[in-house]
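Each chain carries a letter (A, B, C and D) given by its place in the written order, and its residues are counted from 1.
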Amino acid sequence: MTWIPPALAVNPWLTHTARIADIVSECDGIATYRLCLDTSDNASAYVFEPGQFNMLYVPGVGESAISMSGDAHEPDGWIHTVRVAGNVTRSLAQLECGQTLGVRGPFGTGWPIPQLVGKNVVVVAGGLGLAPLRPLVYHLVRHRSQFQNVSLIVGARTAAGLLYPTEYANWTQAGIDVQLTVDRATAGWNGNIGVVTALLDRLKLNQIERASVVTCGPEVMMKYVGMSAMQRGIPAEQIWVSMERNMQCAAGLCGHCQLGPAFICKDGPVLRYDRLQPYLFVESL
Amino acid sequence: MSTTDVIEVPILTRVEGEGGVTIRVRQNTIENVQLRIYEPPRLFEALLCGRALEDTPDITARICGICPVAYQMSSVHALEAALGIQTTPQIRRLRRLLYCGEWIESHALHIHLLHAPDFFGAASGIELAQRFPQEITRGLQLKKHGNRLLEALGGRAIHPINVAVGGFYRLPRREELAGLIPDFEWGLEAAIAATRWVASFPFPELTQPYEFVSLSHPDEYPFNEGEIVSSQGLRVPVTEFDRHFVEVHVAHSTALQAVRHEQRTPYFVGPLARINLNRGQLSQTVQRLADEVGMESECRNPFRSIIARALELVQVYEEALDILRGYHPSGPSRMPYQPAAGQACAATEAPRGLLFHDYQIDDAGKIRQARIIPPTSQNQRQIEGDLTTYLSRNLQAKASREELASDCERLVRTYDPCISCSTHFLRVRWEEIP
Amino acid sequence: MTDRAAQFFRKAELQALIDELRRRDYNVVGPSIDQEAIVYTELTSVEQLPRGWTDEQAPGSYRLVRRDDDAWFGYVVGPHSWKKYLFPPRTKLLTVQKTEQGWSFLPAVLENTKTAMLGVRACELAAIAVQDRVFLGGPYKDRDYESRRKSLFLIAVNCTQAASTCFCTSMNTGPRCKSGFDLALTEIESGFLCEIGSDAGWDVLSACELQTATAEDLNEAESQRQRAVEMIERQMRTDDLPQLLLDNLNHPNWKAVGERCLSCTNCTMVCPTCFCSSVSEVRDLTTDQIDRERTWDSCFNPEFSYLGGTPVRNDTSARYRQWLTHKLGSWHEQFGTSGCVGCGRCITWCPVGIDLTAEVAAMREAPAP
Amino acid sequence: MARGRKPRLAVFKFASCDGCQLSLLDAEDELLAVCDLIEIAHFAEASSDLQPGPYDVALVEGSITTEEDAQRILKIRSNSRYLMTIGACATAGGIQALRQWGQIEEWVSRVYPSPEFIHTLATSTPIAAHVLVDFELHGCPVNHHQLVDVLVALAEGRRPRLPTHSVCLDCKRRGTVCHVVSRGIPCLGPVTQSGCGAICPAFDRGCYGCFGPSQPAQTVPLLSRFQALGHTTDRLVPLLRNFNAAAPAFQQAADELSELHGEPS
């Protein structure tokens, strides 16, 4: 069970003032923010597990669930990578350094790090799905020796949509097999073209029964990743996905995010594939 | 100016609905003046035919978003007369109360946002608010009270949903109305202050030998009941409306305009007419206030109708408070009835003046024929007459067309014309003189 | 805990009980007639009770009718449920203010509402227990619910009749009130038999003139309660429900019911356990203050499952399926109980009379291929 | 909207009662605050200062019933970045759309003694039948809180968003007892879009659909329920043919009902 901050357990609506400390533009419509709480400059205020998320609140507009995308070991603020999707994220994108917004969290389950220890780990990210996976990648890099082979498959629509490109070299150096693919090649691209599952299918995995897959990206992509992984003999119990649903409370009280028996906000967003399987393929559930 | 000239006010602003004025000048004399209404016809009288009579108050409300209650009131009174329905004193009081809400809303709107800017050369009430922040904010509060009352009793301010043939769908609970009392106590004082404020405005000189027409009731300031009276001594029941008033086709225009039946002369309806003809029915407070602010006992200056409107505002605040304080719901919310064939008419006092409805229904309770004469179509001829007089006097003195045009607009605005309700107006077609 | 055996008091004593609770600052709420139905509202006097009235219910139909006796609680359950007091239709969550330094966020001030509910039925006690699990049983507590719940006083009343839509016996929630109350009454002709469920209940009861129940009283009460049991016609098999629903997520009946269902949300609104809500911004333009407010919402509302531009559950049948499978199926896994207590409200108050027990039966009879 | 500059608002009227634009003035508490966010560039009912376009936001009230208006709306569209229709007339043709079930010549001559002077179309069509509409605000009249919300959203550069669910949800939130169930009254709440606050049921009458069809508007099962309750087509067809008579879901439902019963439609 994920650790829940005691103050949130008794009032999940507890919202803190956060100030924008840095904004780094990633690619078209996507930026990474560092948010610092007004009430605390203490690193312990930013404790989270890779895979968890915060609710970011722009007053007068609304809230959005946004994953942590920073390094859990170097907490100097909340790091979030946000894509402009609708009103909340657009209003967020209009804010400048020094301006404030509301934050509550962290919420949700993290990636199953203890279960990955000693395993061949395959991380599959689609588009913005790399954001919630980056804290996990940092962990893998930092504790590389605890894991067997580690592969990171990153897919994007075009090369310009590949998130955090400057970091791939470090990750490779740390012993992670980073593989990139795009749906559509643009000038200058001479890497893979095609869906992430194609790379997954080709991936060399010496001990299938010791392999685990973690994935985040568009729901269809994750479905196919799950299917491909299982076809290669990886049991459903060793596949984890991070789901997305409409969320209002993030605490299992509002009913919006249900998928079958799971509340994506508190039982997820990271869920084991076998738990989702009966529901994931039912249309409009 | 050239010998033949056309001065146009293309869009009358700060009036409800859309219209314009065209004035033709030849050899420095006014040849003719037309108030043009280019509201496209919506054919209410036709679309009512075949509808169940209980739909009438909901449908006729849509004739005008500014004074929907007036349409609801005239229609239910006419239909009740046709069916022989007698309502209870409580229903009657609540209907007066509902009308109070509409008058407050409409008068406060016209005084503060539409008319007052004219006296200070402001383009709008919002602009005027920079100069008179307290007065305009106070006016908005008054307007809001009217709306809150309409909501409490009618469900909402525009197109209330609670008016039924026979009464109301539901009587408001005591708390729903009693909650308004503190606001209305404040509002009564505020309305008095507003009256003093508007009475201090600089008024242009213009007096006309009008024939004022309104309802009149021996015991009360007129809303829903009374005889039709005029300043020329007319006093007849509403059922005789058609013998004394008629809608005519005018040669130079295709608009229907109401005039006195025999004389074919224009007449004047609205607050100024009501206050002139019913001064004795005003409360003591309002009578004293009228004297205090120097409102003549028969005022013939249309610009001063803003004072009449303000005095009426005070009058209806008092009346509303009285009804609110004494309200204890009891008895039926509406009277039952059996549909039966019949014909009847009724007139009530809309904020802008007399509103006449006439219906024929068949034995299944469906409308066979409807006729609706709104206040603005009754004033239209008078407005044109005023414009002619005013322009004849001022054509020489004021050289610029713009100035004259905006004077005309201002004069039209004193009538608070509501053009959206003008179901009888036509688009005027123009033949320019070369 | 002295003598907790059943007590008896005369009908008029109920007023003393109400007065005593009001003296202790409770807002006493209970059944009364309004809008041609028996609804829950603030009570100051027993005169407000629906004496001599009963309700006749059928799918999509409810009528208030005169009884031939003067029973005070001679009805079943109406369009309101008690959840409106514990989980109100609108609740303020947060107040946001603009300051020189930026936004500041203040948790909503909890309303100090001591509520005493009079006339809670067995299925309704069960529903409160279900919502307790939803709002208080998980890792996050709903503090508004918690504060309301903590100061709640519950006077249950046993059913002495049942409506055609009731099926509490199938859901094992009634008609007899077994626990979860401070006091539980059974109405007989001369007065009320009263069971005591808590110290607080016993304490409040001191305001009434009590008598010891005679054997005759006890018999009459028992046969009244038995009458309710016997009147229950509707049945639903529950042992296999979660699995049945899980196995039939693609059953053609979902489409069929989706064509009849209005997606109007009435069933979820009247259901005493449904807890879905949404949050909205209530902005005061003149003061720059914003309240974040939670309002009742429903899984039948298409926008409820909005995600990235379109609803996930984008037709009525998908939404009906979500409701039913949640209520009767996944609720078990989430909260260790069924989400349905068998009160029958959703059957009665569906404007077109859709009956969840019939929909389940349809699936049971012809499981999906 | 462009940042740093107040968006310029214009209000235009077609065949209508004025009630929807009046709603803006009915937002007494917010009016002055809204004017801080938005520049009123053209609003004849409220201001004599009529500025020429282009406008950032045009509010359009009323339906198209004349040839001239059909031309005028084209000009307005080309002069406006964002065009929003307000009210049942502009979004569905309004009550005056009933003419499409009648004979226009006969209707005109019923009202006017000289029908030859009347130039009106046989239809009353919504604005969206003529030009692209960016956002529709429903209601007869619109709800002024919704109107203010939408204007503030636009001024702040957000996409306006309003609930499209049924009136029933609001009806239950306010604790009103369902009339269909408890009294057998035909109420259009289940198929009508939220926005009014469910006032009709709260005043003991059925909803008459003035906010137009909800999503989804399941008229078929609702109407057959009403028929089972004893309501005749004679009553149900006019109920649907009110202020949103020409809104597709209501129009279709009413036409189907009257066809089923051999009424000329």
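We take it that contacts are C-beta pairs under 8 Å (C-beta built on N, C-alpha and C of every residue); 3 or more make two chains touch, one makes a residue touch a chain.
Computed from a prediction, not measured in an experiment: that's the story for all the values here.
J.: Using mean Cα positions as chain centres, tell me which chain lies farthest from subunit D.
T.: Relative to subunit D, the chain whose C-alpha centre sits farthest away is A.
J.: More C-beta contacts across C-D or across A-D?
T.: C-D
J.: Calculate how many whole Å lie between the centre of subunit A and the centre of subunit B, each centre taken as the average of the chain's C-alpha atoms.
T.: 64
J.: Cα centroid separation between subunit B and subunit C, in whole Å?
T.: So the centre of subunit B lies 51 Å away from the centre of subunit C.
J.: From the C-alpha centre of subunit C to that of subunit D, how far is it in Å?
T.: So the centroids are 37 Å from each other.
J.: Please report how many Å separate the Cα centroid of subunit A from that of subunit D, as a whole number.
T.: So the centroids are 44 Å from each other.
J.: Do you know which subunit D residues sit against two or more other chains?
T.: 29, 204
J.: Check each residue of subunit A and list the ones that touch at least two other chains.
T.: 60-61, 86 - these are the residues of subunit A that touch more than one other chain.
J.: Among the residues of subunit C, which are close enough to touch at least two other chains?
T.: Those would be 283, 297, 315.
J.: How do the chains pair up in terms of touching? List each pair.
T.: A-C, A-D, B-D, C-D
J.: Mind pulling up the subunit C residues that touch subunit D in the complex?
T.: 34-37, 39, 60-64, 78-80, 84, 89-90, 259-266, 269-270, 283, 285-286, 295-298, 301-303, 315-316, 348-353
J.: For subunit A, which residues count as touching subunit D in their complex?
T.: 60-61, 86-87, 90-91, 94
J.: Any idea which subunit D residues touch subunit B in the complex?
T.: 13-20, 22-23, 25-26, 28-29, 31-32, 35, 40, 43-50, 65-66, 69, 94-96, 98-99, 102, 106-108, 110-114, 117-120, 124, 140-141, 196, 199-200, 202-205, 208, 210, 235, 238, 242-243
J.: Could you please specify the touching residues of subunit D with respect to subunit A in the complex?
T.: 3, 153, 156-159, 161
J.: Which residues, counting only subunit A, touch subunit C once they are in their complex?
T.: Subunit A reaches subunit C through residues 1, 4, 8-17, 19, 38, 59-63, 85-86, 99-102, 244-246, 248-249, 251-256, 258, 260-261, 263, 266, 278-279, 282-285.
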